[in-house]
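Here you go, one structure.
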Amino acid sequence: MEILKFVPYIFLFVSLSSANSVVDFCVADFNFPDTSAGFSCRNPANLTVDDFVFSGLGVAADPLTNIFRVSVTSAFDLTFPAHIGLGLSMSRLDIGVGGVVPIHSHRVSELILVIEGEILAGFIDSNDQAYYKTLTKGDITIFPQSLLHFQINVGKTPALAFVSLNSASPNFQTTTTSLFANDLPTDVIEKITLLDVVQAKKLKRIFGGSN
Amino acid sequence: MEILKFVPYIFLFVSLSSANSVVDFCVADFNFPDTSAGFSCRNPANLTVDDFVFSGLGVAADPLTNIFRVSVTSAFDLTFPAHIGLGLSMSRLDIGVGGVVPIHSHRVSELILVIEGEILAGFIDSNDQAYYKTLTKGDITIFPQSLLHFQINVGKTPALAFVSLNSASPNFQTTTTSLFANDLPTDVIEKITLLDVVQAKKLKRIFGGSN
Amino acid sequence: MEILKFVPYIFLFVSLSSANSVVDFCVADFNFPDTSAGFSCRNPANLTVDDFVFSGLGVAADPLTNIFRVSVTSAFDLTFPAHIGLGLSMSRLDIGVGGVVPIHSHRVSELILVIEGEILAGFIDSNDQAYYKTLTKGDITIFPQSLLHFQINVGKTPALAFVSLNSASPNFQTTTTSLFANDLPTDVIEKITLLDVVQAKKLKRIFGGSN
Amino acid sequence: MEILKFVPYIFLFVSLSSANSVVDFCVADFNFPDTSAGFSCRNPANLTVDDFVFSGLGVAADPLTNIFRVSVTSAFDLTFPAHIGLGLSMSRLDIGVGGVVPIHSHRVSELILVIEGEILAGFIDSNDQAYYKTLTKGDITIFPQSLLHFQINVGKTPALAFVSLNSASPNFQTTTTSLFANDLPTDVIEKITLLDVVQAKKLKRIFGGSN
Amino acid sequence: MEILKFVPYIFLFVSLSSANSVVDFCVADFNFPDTSAGFSCRNPANLTVDDFVFSGLGVAADPLTNIFRVSVTSAFDLTFPAHIGLGLSMSRLDIGVGGVVPIHSHRVSELILVIEGEILAGFIDSNDQAYYKTLTKGDITIFPQSLLHFQINVGKTPALAFVSLNSASPNFQTTTTSLFANDLPTDVIEKITLLDVVQAKKLKRIFGGSN
Amino acid sequence: MEILKFVPYIFLFVSLSSANSVVDFCVADFNFPDTSAGFSCRNPANLTVDDFVFSGLGVAADPLTNIFRVSVTSAFDLTFPAHIGLGLSMSRLDIGVGGVVPIHSHRVSELILVIEGEILAGFIDSNDQAYYKTLTKGDITIFPQSLLHFQINVGKTPALAFVSLNSASPNFQTTTTSLFANDLPTDVIEKITLLDVVQAKKLKRIFGGSN
């Protein structure tokens, strides 16, 4: 009996070696343009296990150097291309005492896990109902896709949390920088938010907006 | 030759009459609970063409009775259940002189068509880049899913526009009412937006928020 | 306190500038081949607001120069690439008195809004049930994806309507041109439709078919 | 060492027994209404292997009793509920000599495999390009979703083929019965197809239409 | 000026209160049957923030009581219904020294984050290429959907990790229990795996299989 | 009356000829890299009907030359690029007497149709419940996506079956070759499967694995 001539499958093993990443995985090749549905993929034959491991989430970034006292270290499409197309990414949050992840949203859902400290986490639904609670070690909560949400370190020590999102390209939109870090005219901001001009100008100064 | 005994198809016509709405369409039956993926459907045998026609978008609502001088009349899941599951809805916007659709977002994309007047329409992408321009009769623009956007009547006459969204359940989230029309504490708002307390309290009064 | 060193986010702003269009939007770059899932995208850094505005729907095309007395002006993938991947497109219909949008279908759903005139609009479901009604100003109806549908100007004046579809690439298939505007042999047409040969040949002459 | 106390997994085995069909499979329970996204599922605990086997495709139906000399025997949602939600269905086609599957379309793609005989199979794309060829034993071709297509037995013996579609609810729309098997008025048909009234009335008589 | 009569939106706030969960979120109501596309949803009006928080991941389960020396504590559809339909779930893994998460797969992708200890993590792609590496604190790796993967504690202390999956209903399939914990006959197992009968019977004894 | 100047549509016919494949179909062009969402498409203008027909499933391959006595002939992405993006593929199975399709899984669902012989077909769900039955001519069964399944020729003659899968890129993962045809160390295999070392080494020899 010939035991090694498993011909059809062996044929598959060989012929698929450069093309089957479409289903299994796609490690992005940034030399090609991205498309409306994703990135071009590297040849699987050139990949090693190191392409699938990201080691940057073990060390705390210093959250004290910005106004919100928060550091976000992200393994997403550009920094961890192995998970592109697989519908997952992860970020490490270091929030200093009194620090804040300001109100923001993104197209995909998010799950937060608290490892250390006390974090007030909340989201607002499309009926304007606010859901918020202080989470401690081992607690998780969910922020449904596209809804505004936030986190505040309300404890007396630095807080550490990990968030998982169900896209490799979550594209955060932070409300304050969306309004105040660009050239949107102050009178437009006033009209679309009902904020006072003085307030809007103050925030433009903080975030570097013009006009 | 028997010409009417097209048996297999005739069998299909009959047996499918109560169940094939899954693919063709689903006119929601609000007597049943909704599911994570949609609504229960009415029996197609009980439907008439009137279930597929919505006649409420021909008349201007009065946009002068609210603070934003805007009226939004919507044909969406609850008011026009015929298009549930079909991935489309439509709203009529009447914007008084100086009126505004305040900054908001939703999970799905939106296309706006200006019929009368001059509307400054804009959106902000996740890099904080603002794209805005004054549209006139016959112009359309697109607001990509989940991104903040707004419209302002910058002309000297009332403006009329129609917007189309690619879901029957778009679930608008208006930034100002999300922040100021509920019980989110003022000190939380201050932290997550960097707004001054006085400003936040003023907006809470306008939108009916507590705390 | 340092207020401008919002390091992690500023890092994101910069590094994402050429690649984050995957989620936000994709303005097609027709210099690259399209893929089974969409088009290649232009670099967002080179876009302006004008790439997101289409101004061609304000003027009536002349609907009297063709046999159906109808003009269709479309903002879809090739004419308005900004909305590619966002799941929406729009067309303007000008239908002369007695004019017709002949029976057709497409993979995606369509919503029609009547602005002027009287339009008999209808669709047929997969049980062969026909739903049709005369619509007037401000009425909308829905044509579920993939089902045959049509519009007829049944009024005494030209009619104007806008249709919205939930894809930037709707790919219309008009039944009559599918059958009679190509080389499909007349005897094949006879068999698959039960039309008489004389009738089929007459329609081939109208639509330019051969064989 | 305790080898049988694999506690966490055993817990999973038990607690999931009534609810995990959402991902694995869903054998429809027709006692509940269907929803915009599918059917209610039977309790997996009450299923046996026979719920997953359909035995009706082995016997030829008589294709001579209808005008098209074709029989279609289908394993789809209503006749084979086990594959609901799994994105596949299958039909057996028996086509008599000279028999025809008339021109039709459906929302999903179809793959046809010829087992016996000679079948002229074709489809027309949205540019009105017709693709058609005679297939023999062992040939397959594809009909892309939503496009018009047909099959004709052009051989001298009965033909047998199997078709696979990527939905359990394909919802066929046959062009001729859509137009002529209901109450769509003859003058409407004339306008939307350019068919002569005499021809339309003849086809209405064949398919049982009124008006 | 009337500032509180923001009529259209206020109308929306009220009328949507029982039905808009379709888009925002769906906290499952297990009193209704599940469907091919998900669960029925509880009325949002009856929800509180506690429905969105899961507190069970902070405490280590004892991983020594089973043969693999592993404990899996999961926040998924049945234990944390708030995230149903949102495409995310999370589990805590406690792996004793020498402990193992045996080889398994699931329909969705998984991301693992190591918090403590040394974990050899690996997956095998559909070309039979194995990717495996020892991960330490702060490392993450990805297991692409549907592919076989495993984790082994290769360190000298207990290991702790959290995994995130992009479905609330991941439905694990562990290879060994699939083969040996049911009534699949030993001779069938022998044929489909090429395992020796003696080996198969030994594993059936371990996992409680019959036949 | 001018009958041939159907201007708007004729415009569409021409301008769309190189780009509309996005919706209709995509015949892969392997000269370009694949993306996370699929392949680049050939220009439709260069296609003929032969690009849509695959003729390789009519002839039995010899199933006796490998250890499982099975031949799998597949029309999938690389061998039949016309159906890429259309969500369907088909394979022919020739199983010798006593032959086996060993236990395997893939991301997509599969439907099997028996043409000749007796095939014991089965799958195991994520609760470890095994469903298996002997199928004969004309029987079909379904293997839900991602679940382990197998086929054995239990009859006295060669068996023939066709399987349809709802992806052009199904990416089979055969359990035995995943474990034993690569460099996964034997002690790792022992731990993650509980197989004896002697057994694992025997299988490595059969399938050509190292370590």
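We just call them A, B, C, D, E and F in the order they show up, numbering each chain from 1.
Convention: a contact is a pair of C-beta atoms (placed from the backbone, for glycine too) under 8 Å apart; a residue touches a chain by one contact, two chains touch by 3 or more.
Predicted, not measured: the structure shown is a model, and the values here were computed from it.
Of the two chain pairs considered here, A-B and B-C, the higher C-beta contact count falls to B-C. The chain with its CA mean position farthest from that of chain C is E. If each chain is reduced to the centroid of its CA atoms, chain A and chain C end up 35 Å from each other. Measuring from the averaged C-alpha position of chain A to that of chain B gives a distance of 27 Å. Averaged Cα coordinates give chain B a centre that lies 21 Å from the centre of chain C. Annotation for chain B: residues 16, 20, 23-24, 35, 37-39, 67, 107, 122, 125-126, 128-129, 132, 145, 147, 171-172, 174, 177, 206 touch two or more other chains.
By the touch rule above, chain A contacts chain B in their complex via residues 67, 98, 100-103, 105-107, 120, 122, 124-126, 128-130, 132, 145-148, 150, 152, 171-179, 181-184, 188, 191-196, 199, 202-203, 206. The part of chain A that touches chain E in the complex is made up of residues 13, 16-17, 20, 23-25, 44, 47-50, 52-59, 75, 80, 82-83, 86-90, 92, 108-111, 113, 115, 122-123, 125-129, 131-133, 135-142, 144-145, 147, 162, 164-166.
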